[in-house]
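Each of the next two complexes has chain A plus one more chain, namely chain B in the first and chain C in the second.
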Partner chain A sequence: MASRARAGNVGRSVPRLEGPEKVEGRARYVDDLRFPGMLHGRTIRAPHPCGRLRAVRLGPGGLPLGLVVVGPRDIPGDNVIATIEDDQPALAWGEIRHAEEPVLLLAHADREALWAIPAEVDMIPGTPVFDPLASPRVFKQIRIAKGDAAAALRRAPVVVEGEYRTGAQEHVYIEPQGVIAVPENGGITIHGSLQCPYYVHKALCRLLRLPPDKVRVIQVETGGGFGGKEDYPSVIAGHAALLALKARRPVKMVYDRGEDMRATTKRHPSIVRLRSAFSRDGTLLALEAQVVMDGGAYVTLSPVVLSRGVLHASGPYRCPAVAIEGRAVMTNTPPNGAFRGFGAPQTLFAIEAHMDRCAQQLGIDPVKLREKNAFRPGDVTATGQKLPKDTAALPVLREAVRRSDYHRKRIAWAGTGRGIGLSLFFHGSGFTGAGEVRLASKASLELTPKGVRILVASTEIGQGTRTMLAQIVADTLGWPLSAVEVAPADTGLVPDSGPTVASRTCMIVGGILQKAARELKRKLGRAKPAQYLARHGALVVTGQYEKPAEIQWDEERYRGDAYGTYGWGCDVVELEVDPVTREVRPLKLTAVQEIGKAIHPGLARGQVEGGSAQGLGWALSEEVVMRDGRMANAQLTNYMVPTTKDTPEMDVTILGLGYRHGPFGAKGLGELPMDGPAPAVVNALRHAGFDVREVPATPERLLRCASR
Partner chain B sequence: MRFTLNGKPVAVDAPPMKRLLDVLREECGLTGTKEGCGEGECGACTVLLDGAPVNSCLVPVAHAEGAKVTTIEGLRGHDKLQRAFVTEGGAQCGICTPGFVVAASTLPRGASLEAVQEGLAGNLCRCTGYAGIYRAVAAARGGGKSAKKKAKR
Partner chain C sequence: MKTAASALHLLRPESPAQALQWMRERAPLQPLAGGTDLYVALNFGTCPARAFLDLSRLGAWRGIKVERDGGLRIGALATFAEIRDHKGVAKALPALCAAAREIGGAQIQNRATIAGNLANASPAADSAPVLLAADAVVELVSVSGVRRVPVAEFFLGYRRTALQPDELIQAVVIPTPPRAGQWYFRKVGTRAANAISKVVFCGVRGPQPRIALGSVGPVPLRARRAEAALAAGEPVETAVAALQQDIAPIDDLRSTAEYRRFVAAGLLRQFWERTASPVRRPVRRR
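Moving on, here comes the complex of A and B:
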C-alpha cells in the first residue's frame, strides 16, 4: 500500500508555500519586527588587526540617559562563541586578533543617539600576519594518501605543475545579519535571520550559562544566507542576548551593509599547488596537492571547510596515486567561514584550471583528457571510496559539450577575442559519513485534524525547504499537499534536525521525514487523522538519521566513503574580452548537473541558476580588498556582485539518475552549482589567450597577465 | 509633510531630510519596502514616486511632499506579475522581491529581454541569477525575447 499511494507532488513544480507573502510585501523579516520597550544594539570594535587591548572609553561628552553597556565582565557564562573550538571570545579582552574584534556592546532606545556616542579603543598594536603562507599558526592539517605519488611523479614522462589562487568572497545576502533578543521566562528568546537555530542555541547556553529550556531560538523569514548565516548568527545573537539580559528589555541588533561586510565571515581565500603526472596518451598517473586556506583570526568552521576542500582536491578523476596535504591557517583578518561550496569551489577551481593546462601541455583536447580520466561507476577515489552507480561525470560532460556546441566554437572562435571553456566537477552530498552520525539528526511529524505538521529545524532561506519537504511527506503519505503544514523553525517546537548546510536538507532531513511518514501511516492504519486524534489523542512520530550500512568512514585516517553520494556537474562558459579595457563579458553559461531526483524541478533550476551567478561573480568581479586587515571596499558600490547586465543567459539541464538512500532518489544540490563557473571562466580565458590562474579575473589581473 | 501614499492622503511629522524609506517603514508602518544597502545600489527599497521607480533610501521625505508614493503594499493591478514571480522562480529568499516587483511593474508590455535587463539593472538579487525574474516578467507581460539574437539571425 505504501508504494502505491503517490499523490504526485514530487517531481512537479508546485507553487512554493511562502510565495504570496513574499511578492506582496507581507513577509516579515527581522528588521520588520518591533517589540514593546525595544532597544537598539551597537558593537564597539578594535581599531587594529592585532595587539593588546588596554581600555575602551566612551565619550567625551555626556552619555545618553538609559544607555546600557556590556563588557566581558557582564558575561554570565563562558566568554566564547562555542563552535568547533572555544578560541573565539564573544567580547575580546586581552589579545586582539583582528580589526573588527568586538570589545564592548551598547544599547539604547534611540538609534541615532546610540550611534552618535564617541568610543575610543586603546590598544598596544602588535605585528599582524596577513599572508597565509607566512602564518605561524595552523588551525588544522589533513593528509590524504593513496599509492606512492612521489615515486610516480619521478618516473612519469609528463609532469605538469602550477599554483592557483582564489580570493575571499562576501555573501551579500540582500538582508544583512540581524536578530532581536527578548528576555522572557527567566531566559532568552532570539528572533533571528539565521540558518541553524540549534547552533545559536548551543552557543547561547554556553555564553549565558542557561539550561537548554531557557534558551529559545526562532528563525524568522530570512533574506538569504549562502552559508553566511551558518556560524555568524551565534555572534550577533550572543551580543544582543547579553545586552537584553542586562537591560531586561528586548534588544534589536541589525547590521547595516558596511558593518555586515566588514565584520562577518567570508569565503576562505585559498592557495593550491598541484603537480600531476601523465603518460603520453594523457592517462593520469599521480597527483600531488598542497592546499592552504586562510582561516582568519579564529578557528570557527575552518577545519570542516578544509576537510571538504581536500576531499574534492583531486577532482572527479581516477588516479592510482594521490598525495594531498591541506592546512587551514590563522591570519589577522576577521574569521572566514561557511560559504556555499564550503572549500570545494577553491580546490575544484585549482584542479579544473590545471586540467586545461595539462591538456595544452599534452597536446590533447580538454574534453578528451577529461573523458579519459573522469570517474566511472565503480572507480575508487583518493580516500578509497568505491563510487556508486549514480556516478555521472561522463553523462554530464557529454551533454554539456553537445548542448553548448563546444567543439565547433572552440575552433571557430580561436583568435577572435571570444573564448569557450568548461569545467567538470562533483560535490559530496551532506556531511561526511562520520559527520552525519555525529549529528544524529531528528525530524518529526505531528498529526493534525487536517493532516500532518512537519517539525524540523531545517530553515527556509530562499531555497524552498518548506515546499520541498512538504512534497516528500505528502507523497509518502499519499495525501494532498494541502494536508501538510510546516512548523516554524523554533527550538521551542522542533527537534534538532542538524544545520541547514552542506546540501543535506533534502537528502538527509527529507530522508528522515520520509521514514517518519511511513511510520505515521502505519500507526494511522485506515483511520482519518481527526478520527485517530479523537480515539487515541496526540500523535508525534520522530525519525532519526540512520547511516546506510555500506557507508564506512575513518575520520582519523581519512579513508573510506567520504560522502554517501555525490552530485555531478559540467559547466561551459562562453565569454568575450574587451581588447582595450580587458573587461570580460560572459555571453552564456551551459550547466548540466546531475542531482538525483529533482523533488521540485523549478526550485532545483533556481538553485543552479542562482549558484551559477554567484560562481560567475566570484570568478570575475567580486574582489574583497583588504587594507591593514580591514575590508576596504565594504559597500555595494565597489564590491561588485553581478547585476542583470553582468549575468549571461543560462542554459540549465538537470539529469536525475537517482540515489537509492535519498527520498524518491534525491541527492544534495545547493552547493554544486557554485563549483563550476570559476574554472570554466579561466579555461575560456585561456582559450581567448589569457593564462589566468587566479580569481577574480578582473581587468587589472588580465592586463598584468597579458603583459607577461 | 503631506503626500499621497498608496492612493490615500497622509500627513507625517518627520524631519525633512529623513529618508523616505524610514518614514514608510517607521512612521507609516509599511515594512514591505526593504533596506539592503542604504546607498542606492541594491534597489530593495524601490518605490514609485509619481509613477517612477526610485530608491527610497536616497530620497529625503521632503522630496515626496505633494507627490504620489506607491509601495509594494499599494501596488494595484499587478496580481499576474506577482503570481508569476512565485510560479516562475522569480522569488527565492524574497527580500529583494518587493523592489523587483515594483520596478518590474513599470516595464512596458512585451519588452525585449534587453529592455527588461536595462529596466531592472538597479535591483540586485543574490538568489536567482535573475533568470527566474525574467521568466516571471515574460510570463506576466509577454515579450522577454532577445532583440539582439533575432537581429543576428
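Moving on, here comes the complex of A and C:
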C-alpha cells in the first residue's frame, strides 16, 4: 500500500479513528474494567475548611474482614503530590487546609461494605479565609511592565476604571475521575481516565519512591477532561496506588459525581481591576491591571494559570505603557486547577468587558475602538514580543462584525430588551515562555509491516487527537490514513510528548511528528515498510521539540516571546433578556476564529462550538455555590450546565492564515473558543441596559444590577 | 450509588388489592412508580426506605379519561409523557400539558408519574400549581376504602402529605374546567430543560380567578389573598401586593427570596395581561 503516494487527508473531515467504538458502545472506560482480586477504594475527607487534624476514627461497630487502611505513615516515598511546588500532601496530617482534604484511604472487595463503614474525622477547626483579597498567603506574584503606565494615566485626558469578577467553574466531564492501580512487576501500573500520563508517572515515582521503570501509566478511553484531568489524576492515582501496594491487589477508585464536584479542581475565580488611559480620539495610551486569582488551598498549577492570565490581561491591543501585577493567593477551598483557557478567559473577560465601558465613556462605537487599538502584525506586546504575520485581530473582528450584521442590530435593537455584544480575543498556543523548551517533548514513529504507528503520550479526550495526528503523519509520508495507527498513551510504550494541555497537541506534538515522518521517509527511501523491516529490522524514529531560533523568553523579567504564536477570535453574542424573569436567552453566537490550518475542519468546528457553549455556561448559568468552604450544589441538577435547548444557533467561521512552525501551518485551538463568549455576553447585556461586570450573569445578579 | 442496593427489598404486587393489602400488612413500604425522585435519593444515600412497593404492574391505575362533564380522571400511574401528549388534557387543562412538557427532560417525562410528583411533595413540583389552580381532587385508597382530598389540603407541610402510611394515590380527578376560563402557566427554572423550578406559576382567569405557585413556600400553594383582590376587581398591583403576603420564599441553592418575590409578582402581572382578552390564547411556552 505504502508505495502509492496519496496525500490529501489534512484539511478534510475524515472519519474519527475511535468514532465507531464510541458510537457502538464498545469503547471501554475505567469503570468498565475489572481485574482479578480487585478491591474498591474510598477516601475519607476532612469535614472543615481548616484546622488541625486530631484523629480519624473508624466505626463504631466491627470493621469488615479484609479492610485495607492507608494513612500518611504508609506512604513509602514523600507525602506530596509532585507538581510545581510540593506543598500538597497526598494525605493530610496535622494541618488541614480545605474541606474534603483526603486524610485516610480505605479499600475493600465489597463496595457496599466499604461505604457502610462509619468514619469520624476529629479536627480542631481554625478560622478559614475565603475572600482572596483577604488572603494572607501569596502563592505567586508576577509583574509585567512596559513604558511608564502610571505617568501616562496621570496625564491622559480620559481614564476609565473598573473591577471585574469571574466565578469558579466545574468541568463536568461526562466521566468522573477514576483509576485502577495494579501492583505488578515489583511496581505499579495505573489504568486511568487522564490527560497527562507522564504527570501521573512523575507524581507516583515520588510518592511511592519507585524508579521510573517500575511505574507505568496507561490512559484508558477518557470521557472528557477540559483541564480537569491534567492535575487531579495524580491525586487519585496516588491514592489508588498506595492502597494497591499495601493490599497487594488491584484497587479501583472511581468518584461519583458528588465527590468529583466537591473534591476536585475548578476554574480559578478571579478579581481583575483595570485602569486605562485614552486620548480623546480613543487611542489607548496606558493600561494598568491588577489580577487576583483564587488558588485554593495549595499551589498546584496556580503559578502557571496566573502566568497565562497576566500575559493575556492587556487583551489583543497595542499599548505603549502597560503595568500588570498578578497574584495567585491561598484560600481555604479545594485547590483550583487547570480548566480550558487556563487563566486567560478570566483576564480577557475583564479587558473585553472594560473595553465596552471605555467605548461608552469615550462615545465611540465598540468596534471602532477595537479597530483603532487592535494588534497588527509587527506590533509589540506588553512583554516586548514583536507579533508575527499571522496576527489576525483585525480580520476576525471585521469578519465577525460583517457576518453578524452587528452595526445594524446595534441600532435597531436599542431599548428592545434584545442586545448584541462582541469580544475580541487571542490565545497563546502551546506552553508559556520557555515551557516548551523545558518540556523538550518527544514523539516517535514506529514502522509496521502495513505502515506506521504513532507513539505519543498525547491523549485522546474527545477532541480528536488520534485522528488529527494520524492525518498529519499520513500526509507527510504521502500514505493513506489506513496505513497509520496510533498506540495507546502508555508510558511503557510511548515517549514523553508532554501533557495534553495548553492548545499544544496539534501545533507542538503534531510538529514533532511531522519532522519524525520526514526523517522516516528519508530512511525508508523507496522501500515498502515490510521490505524495509525484512532487510533492516525494526525502525523507530523519534523527534524532539526544537525551539524556533527567533523565539526568546526571559523568565526573570517576563520579557520576550511569551508564545510562539497566537490564535485570534471574535465572538458576537445576540441575546434577549426576559423582562419578567431577567432570564437571558442567547439567540445566536457568531464566532470567527483564526487557528492557522485546520487539520480536520469538522473537529475544529466542534472545538469552537463546544468551547463556545462551555463559555456561555460560565457566562450565564454555571455557578459554584460555596458554603463554609464546600461546594453546596455538587449535583448536576443544581449546578446548571447549559443543555442543547439553551445553546443558541452558532455561525462558526474558521480563518487560517497559517503559522510557519506549525504542521501544515496549524496553531493551537482547544482553548481559544472559551475566551470569547463571557465578555461578549456581558457586552450584549450592557447593550440591553444592564451594567454587569461579573459572571455568571444569573437572573438573580441581573435583578440586583438593575435595581442598583 | 451510596445506598447499599443489596439491603433493599422490592415487593411486586399483581393487583391493586394486593398492593393495598401489603401496604397495610407490611408497612412501612415506600411506593415506587417512575422512580425519578427515589433513585436520586438512593444515589445520594438519603432515602430512608428499605422496602419498596413496585406499582408498575398495576394497569388499573394507569390511563387518562375524559369524563362526560368535561372533567378529567388521570390514573395515578399516568406518566408526564402521556399527559403531555394527551388530546383530552390539552383541551380540558392545557396548563397541565405545559407543565408536563417542562418537567425534567424527555427521559424523566417518560418515567415520572403524576401521583409520584404529588406524593414526593416537593415545593417545586411542577404539576402541583396546575392541579391546585384546577381545584383537583386526589383519590387516596387503602384497604379501608377511598378518600377524596382536595389537592389544596393534600400538602400539609414541607414534604409532608395527607397520605396515611397504608394509603396509595389511585387517581387525580379534575372537575369540569370553567367555561370562560383562560389558563396561564409558566415555569421559571433558568435552564430550558432538566431544571428545578425557582418559581412555578399557574393561573386561571374566570369569575373567580385562581392562582397557585410552587417554590415560594414550604408547599405548593394557592395565593388566596391575590385571588381575592382580583375577584374583587382591584387593580392588578393590589393583587401583586397581596401576593407578597401569600408567599414565603427563601434563599436556597437555586435562587434567592428576593428574586422569587420579584418573579412571582412579574408572573402575576403577565398572567393578568395575557388573559385580559376573552379570546382563548395558547398557553405560553418559553
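Definition applied: the second predicted complex is superposed on the first by the 701 of 708 C-alpha atoms of A that agree within 3 Å, B and C clash if a C-alpha of one lies under 4 Å from a C-alpha of the other, contacts with A are read in each partner's own complex, and residues count from 1 in each chain.
Definition applied: a residue touches a chain if its C-beta (ideal position, glycine included) is under 8 Å from a C-beta of that chain, and two chains touch if they have at least 3 such contacts.
Quantities reported herein were computed from a predicted structural model and do not represent experimental measurements.
In the superposed model, A:645 makes contact with both chain B and chain C.
When the shared chain is aligned, chain B and chain C each come close enough to touch A:256. In the superposed pair of complexes, A:625 makes contact with chain C only, with no contact to chain B.
In the superposed model, A:221 makes contact with chain B only, not with chain C. Applying the stated contact rule after C-alpha superposition, one finds that A:637 touches each of chain B and chain C.
Once the two complexes are overlaid on the shared chain, A:698 sits against chain C while remaining clear of chain B. Look at A:124: by the touch rule set out above, it reaches neither chain B nor chain C. For chain A, the partner with contacts to more residues, out of chain B and chain C, is B. By the touch criterion defined above, A:29 lies against chain B but remains apart from chain C after alignment on the C-alpha atoms of chain A. Once the two complexes are overlaid on the shared chain, A:116 sits against chain C while remaining clear of chain B. Touched by chain B in one complex and by chain C in the other are residues 256, 635, 637, 642-643, 645 of chain A. Note for the complex: chain B touches chain A at residues 25, 30-39, 41-42, 44, 71-73, 82-83, 85-98, 101, 116-118, 120-121, 123-132, 146. Those residues of chain A whose C-beta lies close enough to touch chain C in the complex are 112, 115-116, 256, 258, 579-583, 621, 625, 632-633, 635, 637-638, 640, 642-643, 645-646, 698-700, 703-704.
Here chain A touches chain B in the complex through residues 13, 15-16, 18-29, 31-32, 171-176, 221-226, 256-257, 461-464, 602-603, 605-606, 609-614, 635-637, 641-645, 647, 649-650, 652, going by the rule given at the top. Across the complex, chain C meets chain A through its residues 1-2, 4-7, 40, 43-44, 105, 188, 190-196, 198, 253-256, 258-259, 262-263, 266-267, 269-270.
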